[in-house]
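What follows is a single structure, written as structure tokens, with notes after it.
Lettered A, B, C, D and E in written order, each chain numbered from 1.
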């Protein structure tokens, strides 16, 4: 402890003082300034609720939303990774057409606010896709059948499956642009000598990519990729706009039904923070190994 | 040991980087088992020339035929050719994400499709040959520069190449480590493999070279056996270069 | 030329990197105007030692006194000291975003607060001295390695330092460029500046050194005048090292 | 003529509802039209209407909770068959979607900040200095724009946020259908009040569906006609808009 | 240069790689995508009303020329972004320097700030600023938006600064110290000017990001581009026309920015 105090610079004390000052102003004034009656006691009910008809605890709105957010994030991450790797490779392609197409895709997705991207994809493309695959009817059939436990575990309420799928696709499309850039940077950061060495032991272009470049690139892209997946979790809140019942959507519903504005939003924020922070700690751990 | 079959035949090669001409009218013949040392000032096109041999760069005019295969962009024979021609780089270029053993086996396994067991057996043989069998399970970053360069040599040998190209293999090394690598190269020279070596290590050149090549500004200025090259070079430029190199 | 005032006095210095001891019980005295060449195998602590001289690293035990100022972490004299001690690095470390002239003037102008005109005059004098006055308005990237290293030397001289430290100033250079830099250093040696130079250029050492220092594993193994050092070194290790260095 | 008739009716949404055996109804959470109760299930006036409609058609019902912003595009692109979500008829909307006859007429009241609007008459609200807050795209927006064209109007994503604006003094007033304003006024009686004991009306709320579907229009209109005449709609409307019976089930 | 007869495969590849062929192929693919989107919209039976759009850009009435709502919103977006970016850069530099300062509490504060902001959806942050801090510090909605955006992006920008500063080789620090510069002078004259080169591309990305994330303030009714768009939609229900238009406006702004900066970068690169 004494050692620690010794290491403190006078600037440290200044910073500490400023922070304490600001924090105390907020705390002192928040009660007076904010015209709101808090009802925190309502919140636990919306996480878990004892359902008398089934005599067991069930997840309520907020936790349902949390689970949906986790599901969406996982599937969208996987899809975004696949699309992003393809995009990244396409960006480094020798063929000009491929490069231009990849560039267009990327610039479109990167330069338009996600909200706008999501609306356009959702209303224009996903409906075509769902109709083409006859997904709607198929999902409803599963929802009506008795043994849909596995499906429900994987995808939640199967009736909402098409919306979920569109949400996942839209989110993955959107994030894949960023993943693609990370992958490209990773590929290009691999020393040119590595490619030459691979080629000079007779590897084909594909083998060179597969065994030499991508493994090294992946190692380099781990940190930015981890950040991107954290962003993905946060961005997933946007799919609430296209009615995918994720955490944000459920929170909005809860607020609209009960007027628990701050309690509900703070709880949702805490959930997001826990997921994102947990992930960033996890990734850092993985990286260190 | 020198046989009379032509292994590398370069004739009238020009090479451009955009507008800059890096090689001009270069012709050279290397016989099977011959050991050629190329030297010359920086930027004279030494690297460019030997990189054209295994198609890391492509020449714009003239022909290069290696072991009967013509080197040409997009040609079918290129991958086969590269399996015949080993290359050792100044910067080693080992694969940092693989262990030493994996560095040596990945080529034979993925390119030549031999079994893992056989590839490992072969790898250990060559690690023995370069005197570092005990390093098999380390990663490149854990080895000294001299050791890394020896692994790079072993990696080429594992492809059972009949030709080895060296591009200043010792110039990134510390003074003490240079000798380790040179020793391995001298040993290798005695096995009858065809060697083309860009280097300024004149001690090494004296010991093993059958032919010395001196390049300057993209041209071959002088080709001579080492006795003649070191004692009585024809061109002035070459004399000057040698005096500077041998000076300090 | 050698005077008797002590310029650098190192006594019983230990230096640790975490647990690793890089210097053990090092003592050394350099007089004003003396020219010391340090050599030794890689990792023996040569760089560490001279980096301790101007406080790029700090020693953990013992004392280092340079020109009457004790080198110590956080001490007041440190910045004044650094203005007295010039350092030339293996990697030049020129400022790539500034022209050559600006590289030379930024120190005098910002640190010593002299006027731009005077700083430029001074800079041109020293550029003259290193034989590249015509390069003043180029950027470092446009110069060859040898020229860059000469600029680095001029940059130190511009601070009008009385001591110059060189850390393998030629080892990142091409064979032909080494001589350019060595020539400048030989000239510099004749001006009576105090020099401590880590190098493996034995030709240079023979020419200018007043004292040779041989280090090994963090210790000074041998200190001797060059005549004795090259012909009859005391320690076995030193003999072996010399034979390897001079060999090729 | 025969074939046109046939193709018209077979293209109708009514036909596809029957074929699929399910009617999909788009709605957005909107007290007390539709809400989440303590169990997290949907309840409210719209839910009763939707279920009754499905029962009469002999099909299953599926409610699709949708964010209000996207509810019209979602209808147009076929994510559901009909919107039953307290959507009032406005000429603008009608250019994009078709409306049935109104099935409810809800009255809007003003909920105002006490200190900021002291002594205001109705006319005083129609001034550039007055700020209204309302839910984007909801009925009150149309009402405010027609009654107080001078006032500044801020739009939020849901009612709670509008109320909070008034509470924090960032807006003078908001507008919503009863009984919500009175409830809020009671809860924050220091700050909020309902200044006028009268309600303001828009065109009434109706079902919205895709244009060019006379069959559906005919069906919905007649269904609403029947339910109005039997008094079922009024009874349900009173239950949700006047009564307190459901309040224990939905936190407030 | 004697031309050698290229073999078939090479010829084909060269043909496919030639610029006119590539561009033609590219246009073909893009055309197909647009056509399928168009026919998709057609099959939806949506009545396009593009003719109603120009009035939102400008109107020519008896009063003369007037900018339309979208243009007003765009100006607001730009104003918001520029202000927020300025504060974000200042705050970001501060956080980065704190992080690199070696101060015990300074570093801890920087890290805590970074982790908090990075792991929080910006929407939630906005609620925090507007509804919680707003009443406490008497912030109006515009100030709260600027502060929220500035804080959110300061975290990201501080990482860019840090990476840029770290990308300057250690030798440059040593070079600066060994001619007697103080830490501040080394930052000011040697390190920061060089790190600009590393920071410029990610900074451009960050400005684009900021312009995009400024869309979020539509939830607290700041009248910027997205808010205007959403309000227009709720008025007119021309959802698709308006969303496409808004997207195009954003694209024009951000692309112009990216292209402008990459020009600048090239000029800069030639100079050194």
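Keep in mind that, in the parts below, contacts are C-beta pairs under 8 Å (C-beta built on N, C-alpha and C of every residue); 3 or more make two chains touch, one makes a residue touch a chain.
These numbers were taken from a predicted model, which means no experiment stands behind them.
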- Query: Fewest touch steps from chain A to chain B?
  - Reply: 1
- Based on CA centres, what chain would you say lies at the far end from chain B? D
- Return the distance between the CA-based centres of chain B and chain D, expressed in whole Å. 80
- Where the centres are mean C-alpha positions, what is the separation of chain A from chain E, in Å? 19
- Task: Could you tell me the distance, in whole angstrom, between the mean C-alpha positions of chain C and chain E?
- Result: 48
- Query: Once you find the CA centre of chain A and the CA centre of chain D, what distance in Å lies between them?
  - Reply: 33
- Overlap residues in chain D, where contacts from two or more other chains coincide: 69-70, 73, 76-78, 157, 161, 164, 168
- Task: Pull out every residue in chain E that's touching 2 or more other chains.
- Result: 44, 131, 135, 239-240
- Message: Where in chain A do residues touch two or more of the other chains?
- Response: 34-35, 119, 123-124, 127, 261
- In their complex, what parts of chain A are in touch with chain D? 34-37, 39, 42, 45-46, 49, 51, 60-61, 64, 119, 122-124, 127, 131, 137, 140, 159-160, 163, 240-243, 245, 249, 252-261
- Message: Considering only the defined contacts, which chain D positions touch chain E in the complex?
- Response: 69-70, 72-73, 76-78, 92-93, 95-97, 133, 136-137, 141, 154-157, 161, 164, 168, 170, 210-212
- Message: Under the stated contact criterion, what part of chain D meets chain A in this complex?
- Response: 20, 22, 28-31, 35-40, 62, 64-67, 69-70, 73-74, 76-79, 157-161, 163-164, 167-169, 184, 187-188, 191, 250-252
- Note on the structure: The answer for chain A against chain B in the complex is residues 191, 193-194, 196-204, 207, 211-212, 215-216, 219
- Message: Give the list of chain E residues in touch with chain C in this complex.
- Response: 169, 171-172, 174-182, 185, 189-190, 193-194, 197, 272
